Amino acid sequence: QDLTPVNVLLPIPEGIAFTPMIVARENGIFADAGIDVSTSVADGSGYLSQQIVAGHSQFALMGAADAVVSFTKRDDVRVLFCNQVKNVYRIVAKADAGIGSMAELQGKSLGYTEPGGGESKLVSAAIDEAGLVVNDTIRLVPIGSAGPQSLVALQNDTVQAYSSSFPDVAALAAAGIEWVDITPAKYSNVPGACMVTTEQVLATDEGMAAATALTSAWVQGQYYSIENRAEAFELVCSTIESACENEVAAEALFAEAMNLITPPEGHRPGELTPSSWQTVVEILASSDTVPADLDIMPLISGEHVEAVIAAAYAGR
Amino acid sequence: MTQSLWYRIGLPVGVFVIFVAIWQILSVTGTLNPVTFPSPLEITIAFGELVTRGYFWDATRITLLETLLGFIIGAALGLVIGALTGTFRTFRTAFYPFVVAFQNTPRVALAPIFLTWFGFGITSKVVMAAVICFFPVVINTVAGIAGVDENAKTLFRSLGASKAQTFFRLTLPGASAMAFAGIKTALTLALLGAIVGEFVGASEGLGVLIKELNFQLEVAMGFAVVIFLAVIGLVLYGLIELLEKRLITWARD
Amino acid sequence: MTQKDSIAVTGEAITLTGVSKTYMTASGALPVLRDIDLHIEAGQFVSFVGPSGCGKSTLLNIIAGLVSYDTGTVTVGGQPPREGRDDIGFMLQKSVLMPWLNVSKNIELPFIIARRRGADTAQRVTDLLELVGLSDYATMNSWELSGGMQQRVALARALALDPGVMLMDEPFSALDEFKREHLNIEVAHMSERFGKTTILVTHSISEAVLMSDRIIALGANPGRMVGDITVDLERPRRPEMIGSDRFQQISNEVRAALSQGMEESQ
Amino acid sequence: MTQSLWYRIGLPVGVFVIFVAIWQILSVTGTLNPVTFPSPLEITIAFGELVTRGYFWDATRITLLETLLGFIIGAALGLVIGALTGTFRTFRTAFYPFVVAFQNTPRVALAPIFLTWFGFGITSKVVMAAVICFFPVVINTVAGIAGVDENAKTLFRSLGASKAQTFFRLTLPGASAMAFAGIKTALTLALLGAIVGEFVGASEGLGVLIKELNFQLEVAMGFAVVIFLAVIGLVLYGLIELLEKRLITWARD
Amino acid sequence: MTQKDSIAVTGEAITLTGVSKTYMTASGALPVLRDIDLHIEAGQFVSFVGPSGCGKSTLLNIIAGLVSYDTGTVTVGGQPPREGRDDIGFMLQKSVLMPWLNVSKNIELPFIIARRRGADTAQRVTDLLELVGLSDYATMNSWELSGGMQQRVALARALALDPGVMLMDEPFSALDEFKREHLNIEVAHMSERFGKTTILVTHSISEAVLMSDRIIALGANPGRMVGDITVDLERPRRPEMIGSDRFQQISNEVRAALSQGMEESQ
């Protein structure tokens, strides 16, 4: 039978972070649901939100912050589920720096990937909350994602702490940096990368069918990955060889990826929780990117979204 | 005073060997941080591993495809626009200022816009490559046409040649040596454009691979890819020079 | 109209009556030629000499139909001149061979442009190559030839369509004096042999005397005829004539006409 | 056949106005998606807002600083290396192959490496700008020196000029017109290098601003910055041309 | 040693004995000059004529100290030649003025290179400008001058250090015949006036006859002297002499010597 092609935009190339998707594809879950999923990649979520808002693309997996910004530009933007239900961004200190909390970053340098983007908003919110002032009581240095330059910056003490998404933290850990996680607890349940679409898509039968198939197959991929870690890892590494060039890093990353898709007790993988989305709004509002009184509910609910979710978790 | 072949080849090779040797020694003695500056030996070994990986060759194929498509489109368009600009005064007056203005824009700044316009497939990288290699071809074609011998033009007029005859039998071959110099630059630039495009957003290609290897802190492999790109650049340059020698048989000096 | 299988004798007469020409330049109107009256008989070899900028090239280009004129009439073989008339052959100062064409292709060019390439063209090119003594060089690249050989290819090309009229604008100026004399003699012979009407523009008085039946001296500002000297040296011309008394007399006549013209201009 | 000033300026301006008008109409009628392709009016308004923002001028200052520092360093080094290469045969034989090879490497691929070597401040962007504008200066300086009139060299020899006299009184001024052409290209390339560097990792600058505006989906403002960069490119080009006219007074055509 | 405030008479004798020169080229040894014996008296004006490539420039460069030789001896004013001797002035085929220097700075160049610029240099440059008739053009850009004016600047520059010997390698080849004759006469006059020893390399026989006291004809492969013709025309030379019988006789003698030389070469 003919499979319906579905294209999903990703903010980084396919890899370990997208294990549930790769499982769903390789194990035929997408095919069983009647879809054939392909991906396109841009460097960061910003480009993805543009495509969604412009109506050029139907589905994009993007950071929660980007999803909220998109929602402020186009009010029929909808989120179906999240790939990770926990915060993908981390603020970590080097274990030997004697830093145990955000407040102890006083007088220190904090590395982060780059200005612009959801991560930098979270960092500023966290710094604000800790009562620190950038360029005064704390220094911010854009050291990029994991790579030789960030490793060296940490090794030679250019920065004592680092904020980035979990794959970077894991990769640097695998390279020998020992971390203390100082991410404020209130941010720990901020959703990670989530599947975004629009009411315009969901209003059509085909769009609704694609959304339902995509969501249920992806969620099944999440269940499978959580329950069969070893097989899932094996599958990802054999599918995307280049991602496992460094085995130690790959394993560390996989462990962390699994941790983030595994929901807290009593929740389902990929589930949308209003309170965690409210946190995202607070973070963005603290830097005046979105209004503080933004009503987030339409983004994550509504007749169509609920119908998709109901179908996705049927029987779970 | 003519230098012997031995000297002309031996000297640069010697310099290269000494350079690599010093680098290796500095690496072994730990003067160079292996994270930021892997040793030549490590890079060689990493390259040896890389060539056994299927994904490396897939990435190479993609990047080459983007480069060549971008080059062909950009160079072809450049030739056409250059020919129009060089041939028609009004066209030149009307559009050439924009060509020059556009050439002075830092075109990397356009990469994200291309991504938006042309999507996330290879098209946006091809467009980036094409845009970046378009200008040298236009500019050299225009210069080449301007440089066509006035006497030869008079000769063609005296023979009563039609516009088309003059264009195809005089202007085109007369401008070709100059235009080819632009085309040579363009090919190298196309590779650059493809890599820039991949850096900004792509799922495959050597630019993506560099990022991926950096992320995994496989620094030596990352270096190996960069050096491999340099070699690709040189090989492409060599090939286009060969082609030039075959096509523009009459160019001297 | 013209024979194609051999080099035919097809001289045509050239007549100019009251020809004037003014160029419009950025700095105003520049009168270049004033009231030129000139009749050249079929088969005559005429040289134009005169100071730089006096309008020699302009006059030649008018006869070739390459430049328009303001007043007067011009006829070549009874017809007004225009570009692409295949009974007029034009040879420029530089040999301007196309470097991307070999020697015979360069000679073939006029046939291609005139869309007259046919079964007999190859034979015609062979004849021409023989005529200019380059039979062995047919497939050489044109830039592999010496300056003198290049000039001969240009000559063959100008003769390709067997024009009744040959117009030459300083065709030998790129050569040194020794090579130049040699080529002068060759061209003079060719012209004698085929009786073509020939106009030569030159800066060299001895070249003009050596080759021509008649020399037109031009003065500048604006260009006008300041002398019309008949050269009654016997034909065929030989290099030894350069030293002869008659040669010197004629040279001095030309020189005098030119000096006269220059004084009038000032 | 000389074109009037009116024509030479009027025609391109006319083309520009028509182009912008069509763009605006397509935007208003909704043919162009306002998110990916904002209208000229929106871009103008966005630019109007942008110039009131302090951060915009801070970013401009940073990017210009990187560009100019990179340009000065790159061009100066290029001149020195070019002069050495052009003057000393052995130097040329030994090192020029590497200059050419390096020029054929897609240098963006080096941006991450520079970040590692030169840190996260403006140094790595300055280096990127310098590296990218170094080569045209070297290549043109070498060509300029090679093009110095042989007759003039003989004249200097006959006058018994010392090496230094020949260099400063003949080679340098003789090669300067050609070298300056390289310097002109270099300035535009320096801007490109700075932006590439900022894209790969920086906390300030117009490249960073483009990314930030992109995240906030302030597309019109993003476009405004790109166009502003184009204008900067043109202004820099104009300034260096002015400088050229003042320095190389004897260059004709 | 030399007077600096006026144009002095300082001719020097030149002697070559058994001079040979072979160039080592990629395709083997190329003998260019064989056994040249030549004595030029102080104040004599000598021209070298001969076919292209026969070694005229090489010989001149040897005398200027710009090219080494294999055997024999050369002296200029009793001293072996070398680069930078300020009693030897060199003038090339092209005027090679530095475009970044104005006219008087171009003339000043030899003083700067020889580190001899002093208080009197400005006066000397003024004198030279007057001598070549360019007083009004001192601050012009050199590329704003006509070809003939540029040649005169080059001449002034060659005279700047008041050399006893002037060596000129085809200095007028870029000019048309009319301008050329004019400048020939001027240079001949200058040489007559200051009695400098002068060697002129030229392709033009009439130029050689018009200017020289003596003409050395060279033959090729390898370069050797094939004629040594004395020009006994009265001084000062005038353009009208070109038409005279004696002028033609001498020209023919030179022509004959050259033809002879060419035949021997083949």
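For clarity, chains are labelled A, B, C, D and E in written order, and residue numbers in each chain start from 1.
Definition applied: contacts are C-beta pairs under 8 Å (C-beta built on N, C-alpha and C of every residue); 3 or more make two chains touch, one makes a residue touch a chain.
Just so we're on the same page, UniProt names per chain: B, D = Membrane protein; C, E = ABC transporter ATP-binding protein.
Computed from a predicted model, the values in this text were never measured in an experiment.
Taken together, chain B and chain C share no touching chain.
Here the chain-to-chain distance from chain B to chain E, counted in touching steps, is 2.
The highest number of C-beta contact pairs joins the chains B-D. With centres computed as the average of Cα coordinates, no chain lies farther from chain C than A.
Ranked by separation of Cα centres from chain E, the top chain is A. With centres taken as mean Cα positions, chain E sits 49 Å from chain D.
One simple way to say how far apart two chains are is to compare their mean CA positions; for chain A and chain B this gives 37 Å. Chain centres here are Cα averages; for chain A and chain E they lie 85 Å apart. Residue positions 44, 47, 50-51, 54, 56, 147-149, 152 of chain A each touch two or more of the other chains.
Among all residues of chain C, none touch two or more other chains. Counting partner chains per residue, chain B has residues 35-36, 112, 116, 199-200, 214, 222 touching two or more of them. Contacting chain pairs (ordered by label): A-B, A-D, B-C, B-D, C-E, D-E. Within the complex, the chain E residues that touch chain D are 64-66, 82-86, 88, 90, 92-94, 96, 98-100, 109-110, 112-114, 141, 143.
Considering their complex, residues 44-47, 49-51, 53-56, 66, 69-70, 73, 114-118, 140-144, 147-149, 152-153, 158, 289 of chain A touch chain D. Chain B contributes residues 3, 7-8, 11-12, 14-16, 35-37, 89-90, 93-98, 101-113, 116-117, 188, 191-192, 194-196, 199-200, 206-207, 210-211, 214, 222-223, 225-226, 229-230, 233-234, 236-237 to its touches with chain D in the complex. Chain contact summary for the complex, chain B toward chain A: residues 33, 35-36, 53-56, 59, 112, 115-116, 119-121, 199-204, 208-209, 212-219, 221-222.
Per the touch definition, chain C reaches chain E in the complex via residues 51-52, 176-179, 203-205, 242-243, 245, 248-249, 251-252, 255, 258.
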